[in-house]
């Protein structure tokens, strides 16, 4: 294959995924948040890091798990993001997106990875999905921390029956344990022993 | 090692890197841009994808290159981002950051990866740095496309001697060729054959 | 029907459409704009005013035309907005949305109006759609005015064949003439004779 | 009248009201909110929809009530918005604004409608004003829901004597009943039976 | 005077002026800019620094000139900001504001300073006003630099007769010379000799 | 010295400090706030006003105290802002910044003032620093008021031992008393007797 052709396709792809930072995640609509920093790009970033830990703990392929996480919402460039209300009324032709977006790249690997993720059969695919859900729990804790009452309901439920609804969707043991821990630790605990008022 | 302890450290780490989406990249100060979508998190996301292609083209370890890209600016959580004016007046104790931030994790691999990146000796480390610079060129093209005159100067120079200053810093052949191609393709070319006014 | 039940449904409806101001119009993704003020709510507002003038000029029912404009994007609360790339990959079940969203209100009129709009048969429906497109031209002129190069391409085309592509989609004579006029008048002309440096 | 002249005036008017999305509502100053989505345009949009329901319930002219709501804050393009502190120190020459802004349009109807609204004598004018106040209550509930303590005070008062201060300003029976209902229903109740985790 | 009473009044005053950062400068409406960083607070900051240089060059009282600049837009907390369209339709009772806002402080000096500024008789008052206008020219140059066409018109006029309209309003020789220099120097020249790609 | 050279240096300086409004204060990272209005410029503005009151109460040089406050964070243009985590890992060469930024101005006074501030020996320098801390307390109260739980912890501590930690850092009697008063007065008390629902 001609190298120049390769690069033209790749550059267009890189511009395309650059727009992931302009796509706000749509739970903002129902959470009534003003957070403009939660884009598909910034979300996918933390999901990738979360998935690395899950893959490490479960002893599966680190590379594949991380790559699936980086790719898992990329199709939203061509479909937009949809929250849990939108899912009721919208059908997304994900296979077509994956074929047109990743299947036209000079290398077949990224298409293979998203196909594996969509099937949700391999351990890596399951963990990449768990990482996606874990990021949601982290974000809800952060929104709860900044005062959002709706985030609090999502985390703790309106009644007792909905408590831990977030955790119930997790599949892997590692994700379940990590999720429970997220409920216990506050979003600002990480710098408790780091801060100093003194200049260096 | 006690699994519970592992998870507490990991959760704190995940909250910590969640703040990367609150850290704006500081070239915004000198580019006078109002873009709030370019955070350390969203930047690192595209750098990871760019580095995958560079590693593929150069035939080196995909996993290591991508992981280094995901980690390459993570230390800025603890130092803040610094642009090319700030570098003149600020010394960042990166080794301490890497040790405290990644070296305290239950797994040593992330610390090893950032150490390899900082040395800039392995092919993977060089490509991860090239990917960082490629993202900058993409972003400048996007800012130029939305009218920013300063971005245009950065891309094309004030005089002839500064033309292609962005490309000169790239080390690998693959990055150089990719960089040249980015100058030729417009940020909106990617959807030229995709758009349709017809509903499905 | 019990009045209390009416009001409960209406209040839920009003909270629902309040989220239209949190839904950014998705051409922002391809226009690379940082404008956060162009929401489904603020867009629908100007469309309603435009449609009043079109209906006036064409001598059709003012009330129906304005109401259709206020309703024309309301379904996006439940589907999210989709730009011309997204249309290729997403199917929206608009009829279900209209039925669930407007068809459950205590009064049938709003559902009837959106049904008429969706058929695009009545003069009023055609004009409400024209008003939607006119708002797009106004916005592109405003983005072009603030420096956006992509907006300029959308307005004036890359080559000669695409010139006036925006105008070609308009159906009514009144909209065509209004559209041509928008190309001639600058976004800041309106206050030319209004400004004064003197305090009252 | 020459049609060309008509359109030039109308286009300037449409550019003018386009700036309503750049005008933030000024209660933000005293509510200390970061919500950038509450502009004069997005506010006027929901007021129009609220007023339709009030007019329907009271059995008055739907068209006139909705149009008055669309126009009710349009003059703020030329005066800026003023909150309840500003009212103490600023005199707005609304009649001059209405004359210059709406009275110069090729059709007299919009000027007639705002004149009727300003007099607050007709049932439609009273309901359009009630709709304006109802939108304020909805917004306060939304801000309270996202954690804002000042919004809570505005809704429920500092002491018992100020409870329901928001409701006391409403004139019509329909608005009073609707307002009471808004206090009972939470901003996120509308999608309780809509959400689904399943893709279509 | 009771010290406690002093402090209560002062604290309320400090909260009040804290809202200056929530008040956007209203030329944004006609410049169609998305810059959220230009508030009454950030504007007043640079005006104070500009006025120091003008006072230094003209050899007048530095303290009085700087203080007048810090106070010059403070009344807008109670009136909102008004651009050159708004001035035509709004009367602000500035004397009442100054009396209620500054005249009720435990110290009379701030009220005396704003009175002197409003009279525009002393050299210091003239220079503080010139500094206000100089900041406007700087900002227009910055907006022009980020692509805004309207800013360019304000700086250079639509025709030859409007060229240097910005400079014509300046009163002092020092401001006129400074203003001319601003037209010659680009917003990014300041860091030309500062930047370095090397870490310290 | 040639006047033209003076002005060129001054204009570059004014463009430089204009970027202070693009520099967000970095406690936002750990406070998880979405407030974009708290920039180095808007912060420095209120600090200057606070310091005027402290200087007045302590009977020291008003001019010097206010000027130090205006200058106290100006160096952050060249170093970026650093929060209490960053301080642990970053060394800022403030003396070099002060020399290059203020020491190159045509007038030596500003450099002398920042030198005096950095030594923290004079009463004026101590008060300017106290004013900086007082602004932080005011801001935390404002964030607490808009629902932020982290701000509440900073103000009132996690346990009893941390209560009033904010006050403990204040040096002067006037600042201590003012700080205590800030804890007692709510951010919206200032307009309690100002608001009116009646148009003028």
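The first chain written gets the first letter, and so on, giving A, B, C, D, E and F; residue counts start at 1 in each chain.
We take it that a contact is a pair of C-beta atoms (placed from the backbone, for glycine too) under 8 Å apart; a residue touches a chain by one contact, two chains touch by 3 or more.
This is a predicted model, so every value here is computed, not measured.
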Statement: Sorted by label, the chains bordering both chain D and chain E are C, F
Query: Going by the average position of its CA atoms, which chain sits the greatest distance from chain C?
result: F
Query: Is it true that over half of the residue numbers where chain B touches chain E are used by both copies, so same, or is it different?
result: different
Statement: So the chain most remote from chain D by C-alpha centre is B
Message: With centres defined as the mean C-alpha position, give me the chain A-chain C separation in Å.
response: 32
- prompt: If you average the CA atoms of chain B and of chain D, how far apart do the two points sit, in angstrom?
  reply: 45
- prompt: Between chain A and chain D, what's the gap in Å when you average each chain's C-alpha atoms?
  reply: 38
- request: Find every residue in chain B that makes contact with two or more other chains and list them.
  value: 22, 30, 32-34, 36-37, 78, 83, 85, 88-93, 142, 146-148, 187-188, 191, 194, 200
Task: All pairs of touching chains, please: list them by chain label.
output: A-B, A-C, A-D, A-F, B-C, B-E, B-F, C-D, C-E, D-E, D-F, E-F
Message: Please output the residues of chain D touching chain C within their complex, sorted ascending.
response: 3-4, 6-8, 10-18, 20-22, 36-39, 41-42, 44-46, 48-50, 52-53, 56-57, 62-63, 66-67, 70, 78, 93, 100, 107, 109-110, 134, 138-139, 141-142, 177-178, 181-182, 185, 187-191, 194, 200
Residues of chain A touching chain F in the complex: 33-37, 142, 144-148, 187-188, 191, 194-200
- line: chain D partner, complex, touching residues on chain A are 30, 32-34, 83-85, 87-92, 146-150, 153, 169
Statement: Per the touch rule, the chain E residues reaching chain D in their complex are 19, 22-24, 26, 28-30, 32, 36, 75, 77-83, 85-86, 88-93, 96-97, 100
